[in-house]
């Protein structure tokens, strides 16, 4: 079973040389820590920066240089700043290669719900609807089940949708799955997790074909 | 009767303090020479400059600084450069206060034709269609009649249109006219020109109400 | 050169009144028009509709207007980080319209550039698209979103000149450029106001034609919401 | 940092072939991709469709491709200043699609930013709108114009860096930024190619994400079409 860092580490292996990547808040933000340093990747933040670097050293924080999580950041050589319309032009125009974000629910057809729970305070979708409606490659990082133990990989989302038929891959604490026309295709098991455990934890259609390898660590 | 400079000089009096102005090629370009120097005006050129100044001194021409007529220009303090999409954002968004351009024909309802003569080589509309479709205040500078002596102020345009119902005022070698719901309203006569001469030279409906003053020089 | 300078925030906000719609730049507390917000509190005008990506925090940014119950409606993409907001929203005092962030930015840019509406894929198939026209282009579905209409835009820039030209700094740029020229009157406050000719015409982010009034801002707090740092070891 | 540099114009244009559609930046001869045009002549590819505001002059710019009969179709707003163009157009050898200038710019920007089409008032009621959808918004009529689709964009910038970031100079900016990222592959040629980190991130006009290949251009002529000057008296 993976912890949050484990999920981030596994997703980092999906990040290829030459990719522009947008990381959502939460587990996705951790992905940056695990990307191989022999490949070239640039991180985009939708508030208007490309080429994000690590957090600043203490005392070097600049209130005018933040990411979409409102955290102080730095920029790397080759970075650029731009306005919000241009930023979403990058996203909508599919110039960002990979979007990694969290979710409350993912359906077997790739629908995603991650912004609203009816009856609870709704904080808003931020840039998530733009990202999922446009990105060609979307990977969801989340726990396989919610706090009540219920599956978050469903036949159909029960919560208000963020986007339809858009998720390409899901990496959870239990497994790596690809979203196919026929449902969630199980690709890898987390270390120490059996196929049966994954089957039980998945409400949506799970395709198990042949031997399912354990994730490389 | 006015010459080209006379037409430009008369139109210059329509340019008010605080106006952003786009000048077309030909007579309109001359308008800049006659604007009062006690008012503040900025000239926009649709190829991407605001705050155009006079032509450069010989030897100071910069191939990278031209106007929409492809002439070398200079910029004044407060000038800015921008891309073509932004430039037409200024025009379409009605941030440019006044557009002055030439025409082959103007109709009594404000239609304008100035880009195409069927059967002749068509060079294109450039930015004229964007300008006339968007500008709130459009003044046409032209001769009252064409080389064959035929009126260019018509009931209906005979040439392919550039824009519909958009011209607000016409200044010719003979007269100043406002385009109203009821037709061309005669406002001023050019020096030495009689109302009758204007009536004869105008095919479209001309409204002559009361005494028509001779233009101040 | 057409001069846009006004003496201070009081002059800059002349004409604002109850019931108006305002655009306010900024992302979180980054790049917000601090002086304009403070003046709106001072003026005490009510029933405002605010178009702003976020709603500030309890004691800063738009939170200051919320405290005084001056805001009738918020149009934003994300409104967390604000307890008073939550209270007013849940009690029904405050109307909230949530809009995808890219759609929000483009609805401003459309108003600036004279586009009446645009098609975006964001929100298709979600409740954001309910009651809106949808349409297929090249096998993909889009939602028609109208441009915003607003009375004033309040933006914050780093440097500006008398002609109203603006240069923004870092990610404090965000929504500010998109909101310039997108309302009837655009008011820019700047950290540094310079004479015309001081800025390189090639480096200007927003030409002065999109700005009606500009003034030298004062006492910028520039608060940091999430101070994240790394150690120097 | 993702490196976009290629050694020269030959590498930069790898993959171009007969029948493709190209966007080319520039206004008149100002800011045109001189190196890319020269290489297209060298490669001798045919049946090209060019999206470019103008068509060059007889012996420079796109006129060089016209001389060699490489262009099948021109999409432009203004095509004067070119006798060979006129001859080919009148003889029917060359297909010409005239588009209002602002519409041309926005059709590029729409392709860059993922908009399938947009509504513009330009051309309403004229032959430009024939066969196109028109629509009223707020009492004004608009024409629906689709985004362009192109295989390559060739743009020219003043300074660029290894990451593909671009800065343009003066009015040589024009259509170049709008065409970046508007085709499958964007090739930028620059007067000065610098290491990453040389350009201030705040002053970049086009972020490198919109550019696939960048190279150091050579031997720029930068011809002036209308040399207008005033006397010093």
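Should a chain be cited, it is by its letter among A, B, C and D, assigned in written order, with residues numbered from 1 in that chain.
Basically, contacts are C-beta pairs under 8 Å (C-beta built on N, C-alpha and C of every residue); 3 or more make two chains touch, one makes a residue touch a chain.
For each chain, UniProt lists the protein as follows: A, B = 3-oxoacid CoA-transferase subunit B; C, D = 3-oxoacid CoA-transferase subunit A.
All of these numbers come straight from a predicted model, not from anything done at the bench.
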What are the chains that chain A and chain D both touch?
C
What chain lies farthest away from chain D once each centre is taken as the mean of the Cα atoms?
A
Chain centre separation in whole Å, for chain D relative to chain C (CA means)
33
Express in whole angstrom the distance between the two chain centres, defined as the mean CA positions of chain A and chain B.
55
Rounded to the nearest whole Å, what is the centre-to-centre distance of chain B and chain D, using the mean of the C-alpha atoms as each centre?
28
Scan chain A for residues touching two or more other chains and write them down.
49, 81-82, 85, 88, 91-92, 134
Residues touching two or more other chains, restricted to chain D: which are they?
109, 114-115, 120-121, 168-170, 201-202
So what shape is it, when you link every pair of chains that touch: line, ring, star, complete or other?
other
What chain pairs are in touch here?
A-C, A-D, B-C, B-D, C-D
Residues of chain B touching chain D in their complex?
45-49, 54-73, 81-85, 87-88, 91-92, 111, 121-130, 133-134, 160-164
Given the complex, residues on chain C that touch chain B span 1-3, 109, 111-115, 161-163, 165, 181, 195-197, 201-202, 204, 207-210
For the complex, give me every residue of chain C touching chain D.
114-121, 137-138, 140, 142, 146, 167-170, 201-203
Could you please specify the touching residues of chain B with respect to chain C in the complex?
18-20, 40-42, 44, 49-51, 75-82, 85-86, 88-96, 134
Looking at the complex, which residues from chain C come into contact with chain A?
27-31, 53, 76-80, 86, 89-90, 96, 98, 100-106, 108-109, 120-128, 158, 168-178, 205, 222-232
